[in-house]
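Submitted below is the structure of interest, expressed as structure tokens.
Which chain is which? They are A, B and C, in the order written, and residues in each are numbered from 1.
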Amino acid sequence: MSEYDLEVENLVRDFAAFRAVDHVNFKVEKGSFFSILGPSGCGKTTLLRMIAGFLEPNAGDIRIRNESVLGVPPNLRPVNLIFQHLSLFPMMDVKENISFGLKRRKIPQSTIDKQVDSILERVGLPEYGQKKINQLSGGQKQRVAIARALVLEPSILLLDEPLGALDLKLREQMKIELKKLQQQVGTTFVYITHDQSEALVMSDQVAVMDKGAFEQIDTPKNLYAHPKTGFVANFIGENNSFDATVSSSDPFRVKINSDMEFNARAMTGLSTGAECQLYIRPESIVINPLQNEPMNKFSVTVKNVLFDGANTKLLATIGDTGQEIMAALPQDKRFDHIQPGERLNVGVYDDACTCF
Amino acid sequence: MKMTGIITAAALAVTSVSVSAETLKLLTWKGYAPKALVEKFEKQTGIDVEVTYSNNEEMIAKLRATRGSGFDLAQPSQDRISSVQAKYNIYQPMDYSKIKTDQIIASMLTAVKNNTNVKGKSYAAPFCYGTSGLVVNTKAAPDAKDYDALMDTNYKGRISYRLKRPTLIAMAFAKGDDPFAKYSDVDAYTELMEGVGEDLIASKHLVKNYWANGDALLELMRNGEVNVAMAWDNGGWKLHEQNPDIDFVAPTSGALGWIDTFAIPAKAKNVEGAYKWINFMLEPENAAYFTNQEKYGTASNGANEFLEPKIKANFERSFSKADIDNIKWYPPVPAKLESIEGKILDKVKAAN
Amino acid sequence: MPYAGRLTLYFFLTPVLLWLFLLIVIPHIDLFVISMQVENDDGDMVWSLLNYQAFFEEKIYWMTFVRTALYAILTTLLTFIITFPVAFYITKVLSIKYSGFFTILLLVPFWVSELVRIYGWMILLRESGVFNHFLLQLGLIDVPIEMLYNDISMVMGLVYTSMLFMVVPLISSLEGLDDSLIEAAYDLGASKPVIFAKIVIPYILPGITSGSIVVFMLTLGNYLTPNLMGGKNSLWFTEQIYNEFIASFNWNQGAAFGFLLLVLSTFIIWLGLKLTRQNLSRALS
């Protein structure tokens, strides 16, 4: 028996001339939290709906616990889906919602009652069985939706951006709760989102998707530290990107204009003279670096300070070129004096400059 | 301020217009106010004529509801006036001095005066007359000579009649009885009519439909969907012009004769206009136009010379001398009979 | 300012109250008073319950009512059965681009009067009508069939007349039903019939109820269609009321019938709401 709950092989789906999902391959380990992250329109919902059974692929295979589910309708697949808008049944109370799936399985009422009570306990909503759906808060609805799916003990729980409709504070809280819940129940979660923070915080593995294809499947940390494509580098976390030309390949150096040259790390095979993209993360830029530190150093002119608490950024132009660069501004009082118009020395370690 | 002035002026203008144009509100039967005659009348008198089409029952109900207002002139059948007048007081006595009585066939005027007499005053003047009998497609139903043809299994599915009191009365005559003689004896009349009702229920499966709209019936006969119907003579004659096989047949037990009249509602606004209309409609030339058009007999005295020859031919074809003598003219209907008949008619309609 | 607020309230409330009182309450009080009187042998009006008694004692009267009510219920049911797939198709299957067009298409026949529509049907169905003509031409029948003047054609006419009043509330409540609810139920293991019975129907129940009430009342109060299309067997309760008022001149009996129609139809609707555990205010909201 394989240790994978879900295996997707060469999956293709076309809508007329448009290819929404293009030869996607991945495997999801039993009990893991797997996210598919991508901008809207990248095909992630189509992919999810194929796994859930609402769409049939044009080619490829989907195996759940080693068995192909092609042609199996959604009501017979061992997966459940949490919809974007949760889709709780408004004409039923909480208990009726949760027992809806169980009743379809012709389970005796006494067993249903027990299971509903236990799942409500587990999602932290004991005594909520008789409540009407419209009496619940956003977070409570979320938990009821998850309870409704989990009570069926699916092999895989699919989640379609379920946090999208929540406000920011609640979203932060639910992220943590969801992760906890997943670890607690041990069900395999496949989660799709366009919000990288959701994906990074909760997932064991994240697949970054663009234009119907997967760019990279990796742990959140690796996606951030070792993006394999420019798209991933750009999409995961924030990045400054520059058009650059490779000026030497060993040591690897790139030029972004006639007099700015960086020691950098080539992520793909780039030979001298090749055009490429240079990425520098705002948080890897060091302000006022030590004199003897071996790093790329250059001066910038401050244009603006974009205050956002812990995320405060500095918007500046490099040298006299007018090229803009964003740098993180740590809020530890050291840099409170910085004003627009000021000239600053900054540095960035060679490893933090990635080229694609 | 200016705006208000304009609006007031406009409102005044509108009211003054409606006051200056005299109108005559006519409550009558379909065909009784031909367009050409209405236009001629409007030209002659400057009075606008508004026509509302109705039938005996609705005329009475409308006038009863308004206690005799809303219309300037009505045209009920002569037999439906006296009891209604005695009970609801919806008409005003006719001032015969305002009518050119020499235009009216004297015997008919006398009969109407007598039949519409309530407490010494009379309430109507005759306008036209006709009979109810059989309209038959003589090719398809050569033996339909009397009302009992309406219950004849030979014509199954090709029979139509109105579910109204004339049918009950006709069937009573066809049974050899005389319903008019029993008008004054409520119990005997009820018994007779209940018997008729039972006959109608027993033969209901033979009927195609109970017609309510004269034009629709003529259409059915024209298409051969109905071959025997009880209807007014003029309908049969109209069809005869188009299809010689179809004609009006005076039933052997007697065609039912009716006279439709002019009667002025109690609270008529334009009484003078009403008399003008009565006199206008009875002018020989106008009356003849109406008869040529609608084929009803007219009460107008000198109209004969303006009639088309085929009108006369119609009458002679359908009525022998004996048939004419045998016409059963409706006497005034006493009160209460209508509700007895109504219940029987409901039963017939509800029966399966 | 509470004073101004109250003035505004009265200002907007007055037409409503006037409307209710002048056009609904007062005529009904009058109707009720008339229905409680009978004419005695001297021709005077006296108070009596005889008119109501007559309804229950005379079989033909209450049988007509029962018949009318049963046919109205049947019409309501059939109307729902016929219009539901149409409404479902328009809202859930067709793309939005076409659904508006199809809705308009449904409305078009209702721009002409009921009378004209009924005559249209009569032209199609009569013995010498269009349908018979085609059937004869095709050789499917040898003799024309009379398709009019029976209960089936009457019910068909009533259903046709009522469809609009059912399809509009159905469409609007189906539009409110998010497709993802159907998918969610499907995902949770429900088969299509279960989804229909447990999700779609309960969700649009208020729409069904309001549509049904309107159709039921309109059918019960219809006069033209049973009369013209039903023909000789179609005694309808409204016709009986008409006959009492117009043919028999018995306004008191007619008023009693009118009042009984109001009370009994209200009772039937109340019963229907109870049986389906519905709430009137929810259905009409």
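The rule is short, and it goes like this: a residue touches a chain if its C-beta (ideal position, glycine included) is under 8 Å from a C-beta of that chain, and two chains touch if they have at least 3 such contacts.
In this text the structure is predicted, and so the values were computed from the model without any measurement.
**Q** Classify the inter-chain contact topology: is it line, ring, star, complete, or other?
**A** Graph shape here is a line: each chain touches the next, no loop.
**Q** Where the centre of all protein Cα atoms falls, which chain's Cα centre is nearest to that point?
**A** The most central chain, going by mean C-alpha position, is C.
**Q** Measuring centre to centre with CA averages, how many angstrom lie between chain A and chain C?
**A** Chain centroid spacing, chain A to chain C, equals 56 Å.
**Q** Can you work out the whole-Å distance between the CA centroids of chain B and chain C?
**A** Comparing mean C-alpha positions, chain C is 35 Å from chain B.
**Q** Please report how many Å separate the Cα centroid of chain A from that of chain B, as a whole number.
**A** 88
**Q** Listing for chain A: what residues touch at least two other chains?
**A** Not one residue in chain A touches at least two other chains.
**Q** Using the touch rule from the top of the page, what residues of chain B touch 2 or more other chains?
**A** none
**Q** Okay, in this complex, where on chain A does chain C touch?
**A** 52-54, 73-76, 80-81, 83-85, 87, 89-92, 100-101, 104-105, 148-149, 152
**Q** Taking the complex as given, what residues does chain C use to touch chain B?
**A** The contact residues of chain C facing chain B are 43, 58, 60, 63-64, 67, 126-128, 146, 148-149, 227, 231-235, 239-240, 243-250, 253.
**Q** Give the list of chain B residues in touch with chain C in this complex.
**A** Per the stated touch rule, the residues are 57-58, 60-61, 64, 84, 87, 157, 163-165, 204, 207-210, 212, 223-225, 338-339, 341-343, 345-347, 349-352.
**Q** Given the complex with chain A, which residues does chain C contribute to the contact?
**A** 178, 180-181, 183-191, 194, 198-199, 202-203, 205
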